[in-house]
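Note that the chains are named A, B, C and D in the order they appear, and that numbering of residues resets to 1 at the start of each chain.
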Amino acid sequence: MSTSPVRTDTEAREEQTARGLVCELLRLFYEKEWVTGTGGGISCMVPGRGLLLAPTGVHKERVRPDDLFLVEPTGDGVIERPADPALRPSECHAIFSAVIRQRGAGSVLHSHALSAVLAADRATDDTLSISRFEMLKGIAGTRNDETHLVPVIANTPREHQLSDQVEAALADPRFARSACVMVRDHGAYIWGRDIWEAKRHAEVYHFLYEGLTRRTP
Amino acid sequence: MSTSPVRTDTEAREEQTARGLVCELLRLFYEKEWVTGTGGGISCMVPGRGLLLAPTGVHKERVRPDDLFLVEPTGDGVIERPADPALRPSECHAIFSAVIRQRGAGSVLHSHALSAVLAADRATDDTLSISRFEMLKGIAGTRNDETHLVPVIANTPREHQLSDQVEAALADPRFARSACVMVRDHGAYIWGRDIWEAKRHAEVYHFLYEGLTRRTP
Amino acid sequence: MSTSPVRTDTEAREEQTARGLVCELLRLFYEKEWVTGTGGGISCMVPGRGLLLAPTGVHKERVRPDDLFLVEPTGDGVIERPADPALRPSECHAIFSAVIRQRGAGSVLHSHALSAVLAADRATDDTLSISRFEMLKGIAGTRNDETHLVPVIANTPREHQLSDQVEAALADPRFARSACVMVRDHGAYIWGRDIWEAKRHAEVYHFLYEGLTRRTP
Amino acid sequence: MSTSPVRTDTEAREEQTARGLVCELLRLFYEKEWVTGTGGGISCMVPGRGLLLAPTGVHKERVRPDDLFLVEPTGDGVIERPADPALRPSECHAIFSAVIRQRGAGSVLHSHALSAVLAADRATDDTLSISRFEMLKGIAGTRNDETHLVPVIANTPREHQLSDQVEAALADPRFARSACVMVRDHGAYIWGRDIWEAKRHAEVYHFLYEGLTRRTP
C-alpha cells in the first residue's frame, strides 16, 4: 500500500473525522449488543493513509479516537500505533484484510450479536438461505424476491485461524452477493464499500438474523 | 395543491418546527428499530406549503431538517428540494399521497419493524383480525371490544408498485377504521390526521403487532 | 381533603420537585414501553395540596410539570388545572382514588405494558399466582418463599367502569399483600406508599410479568 | 486489612474516580435491567482504603458517589459510611468478601437479571454447563472449545444465608474457572480482578445466560 509521506490539513481533518465516526459507531453497536464483552469491532479505510482498527480486548464503547491503530489494509503491518503501549491491534486484522482484498470493501465490522449465533444454528451445512424479506433490498445489488445465500463457516480456537475458511467463502460464486460471512457459535463479519454502507448492511443482516430466529419456517 | 407564494415569518417558523419534529421522530423510530437499514420514514403536512418527505437511501436517524423534501401531498411533484444534489425523495411518495387523498391524513409513516413482518405472517388471506386488547382504543374511533380488521397486501419488487393494492385496501369498507395497511414480508404504512396522531397510531399498532406474535391464540 | 389555603415557599418548592419527578418517571416508563400510545400514567400525592395527575390522551413522555392536574386524592374533584384549556384529567382518577382510600397509597401508576397483558393471560380465574422469584422480596412485606397472589379483573369498555372490580379486589383478603391489580387484555395498576416505592413495585412486578411469560411452568 | 491513616491527594483522586465509576456502571446495569427494583449492585476495591459498596434498598441508578460505603474487603466491618444516616450497607457484603478472599477478586457484582434466573432453570443439579459459544473466550483463562461449568446454588430467604453455599462453590475444583456463582430463582454473583474485568465478565455471562435460554439444546 502506498501512503502519502506528507499529510495536508484536509487529509488530517478527514482522518480525525473517520476516527471519531469509528468510535461513535462502536458506542452505537455496543448499545445494540453487537460488541459487548470487549468483543467485535469495526474498521474503516482512510484513503492514502491505511485502515483504522480498534485495539483488542478493550471495552469497545469506551474506545477514543486516539486509541485506534492505523494498519495496512491488505497486509499485516502496523502503520501507526496509539500512544498507549499497552494496546495491541484487533485479532480481526487478517480477516478484515481478506475482505478488503477480495471484495474491495472500504469498511469491515465484526459482530458478536446473539442473533447471529442463533441464525447460524439454522444454517444447512455451510449455507444460510434468506428469502421473503423486503430488507434484502438493503444489501447492495440484491432484490427482495431472490433467495440470498450467506456462507456459514466453523468456529476455530483463535480468530486468525478463520482466515482460510473466510477466503474460501469470499471466493465461492454461490456467495457473490453476500456482504457477510457468518461464523458458527461466534458471530459475523459484515462489510460495505464505505463505513455507511457497512453500517446499513450490518443493520439489515442483524434484522434478518433476528427475523430468521423468530419466524416460523 | 395551492401553496402560498409569499411566506410570513410565522409560516416559516411553523415549517422549521415541523422539519425539526420529523427529524426528532426519525431518531425515535430508529431507536425503536422501525426504520433501520435506511428503510422506512415519516411524512408530515405543512399547511399551505406541502408535504415534508425524507430522502431515500439515507440513514434515517441522521436526517437533518434541511435534508427534507417538500413535495405535492396528493400529486407526484417536488415543490422544494434540499441543497444537496445527491438526495432523492423517498420512494414512499406515491403511497403517502394515496393515503392523504383517500383518508385525509396529515402525516403518514412507513415502518420496517420486524414485529410488523411477524404479525403479517399471522394474517388470514388479506386480513389481520385484532381483538382483546385495550390498546385498540388508541386507534381513532375504535373501541376495545370490537374486532379490528387491518388489510395485509402482498409485497412487490419496487415500492411504488404497491400503490394499486394500497388504494384498493383504503377503499375497502371492511377496513374503514384501520389507520394502517400492512405489507407482507415488508412492514406497514400507518397514518393520522396530524403527526401526533400518526405517532400514537404507530405506537399502538406496533404494540399490537408484537402482542399478536407473543400471545397464544 | 383539607388543603392549606396559604402555601409557604418550601411547600411550593416541594410541589415543583414532585411535578418534575412525575414527568421524569413518565419519560422513563415510556422508554420501558409501559406508557406508549398515550396510555398509562403515574400519580403522586403532594402533602397538603392534593394528587398530581397527568392529562389524558397526551404523549406521556412529553408531559411537562405545568401540564399536570392537582385533583382530590380520595374524591373526584379538580383542585387546580393546567393553563392549557385543551387538557382534561386522566380517566384513571377514580381508580387511583380507590387505591389511595383503601390502601393508603401515596403514588399509583397505570401500566399498559405488553408483559402485563401476557402475564394476565396466565391467570387462573381471577388470580395470578407468583412464586419462586427472589424479586418477590421487592414487594413491601413479602418474602421470597411465599406464593404471592395478584388479582386479575376483567376489562371494560371505559376505564372508570373498572372501579367496582378494583374496589372488590382491594378489599379481598386473599390479595392483602398485593400492591397491584391487573386488568385482562389491558395492563395493571401498581402503587406504593410514596413515588419511590411505587417505582420499585412497578419494576418488580414488570420483572415478574415478563418472568412468568418466559418461564416454563 | 491495613488502610493508610494519611491519604495523599493522588489517593483521594483515585477514590473519587472509583466512586464515580461505580455509579456510572450502576446506571449502565440499570439500563440493561440487571439491577432493577432496587436489587443487585457492584463493589470495587480502592487499594489501601477498602471496598466501595452501594447502600441497600435504594434505586441503584440514582446512587451518587457520596452515597457509597467503604467496608472491609475480607471482613464485615464498615470503614467509612455516607453522611446520610438513613443508608445501610448492601446485604451482599458477606458474599462479596467471600469472593475476594477465595478468588482474589478486585470487584464483585450482583445481578438480578431475568436471563440469569431463566438460565439457572436449565441447570442439572448444581451445575450449568456452557459450550459452543465464542463468548466463552471472554472469561479469563477460558477457551471457546471447552465446556464451562458454573455453580448454581439454592436460594435462601435472606441474602447473607447464601454465604455457606457460595463458599463451597468457590472451593469446588469443578468450578475453578468460573467467574460467577448463580443462585436459582434469584440471579448471579460475577467478579473480576478489577472493575473492568468484572464488567467484561458480566457482559459475557449475561450473553451466555440469554443464549442458553434462546438456543435449542
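The rule is simple: a contact is a pair of C-beta atoms (placed from the backbone, for glycine too) under 8 Å apart; a residue touches a chain by one contact, two chains touch by 3 or more.
Computed from a prediction, not measured in an experiment: that's the story for all the values here.
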Quiz prompt | Most distant chain from chain B by Cα centroid | solution = D
Quiz item: Are the two sides of the chain C and chain D contact the same residues or different ones, given that same means over half of the numbers occur on both copies?
Solution: different
Self-check item: Angle, in degrees to the nearest 5, of the Cα rotation that carries chain A onto chain D
Solution: 90
Practice problem: Could you grab the centroid distance between chain B and chain C? Build each centroid from C-alpha atoms only and quote it in angstrom. | Solution: 32
Self-check item: Per-residue overlap in chain C, given as positions that touch at least 2 other chains
Solution: none
Quiz prompt | Contacting residues of chain A [partner chain D, same complex] | solution = 33, 36-39, 59, 112, 114, 117-118, 121, 155, 157, 183, 185-187, 213
Practice problem: Flag every residue of chain A that touches chain B in the complex, lowest number first. | Solution: 132-135, 138, 143-145, 196, 199-200, 203-204, 207, 210-211, 214-216
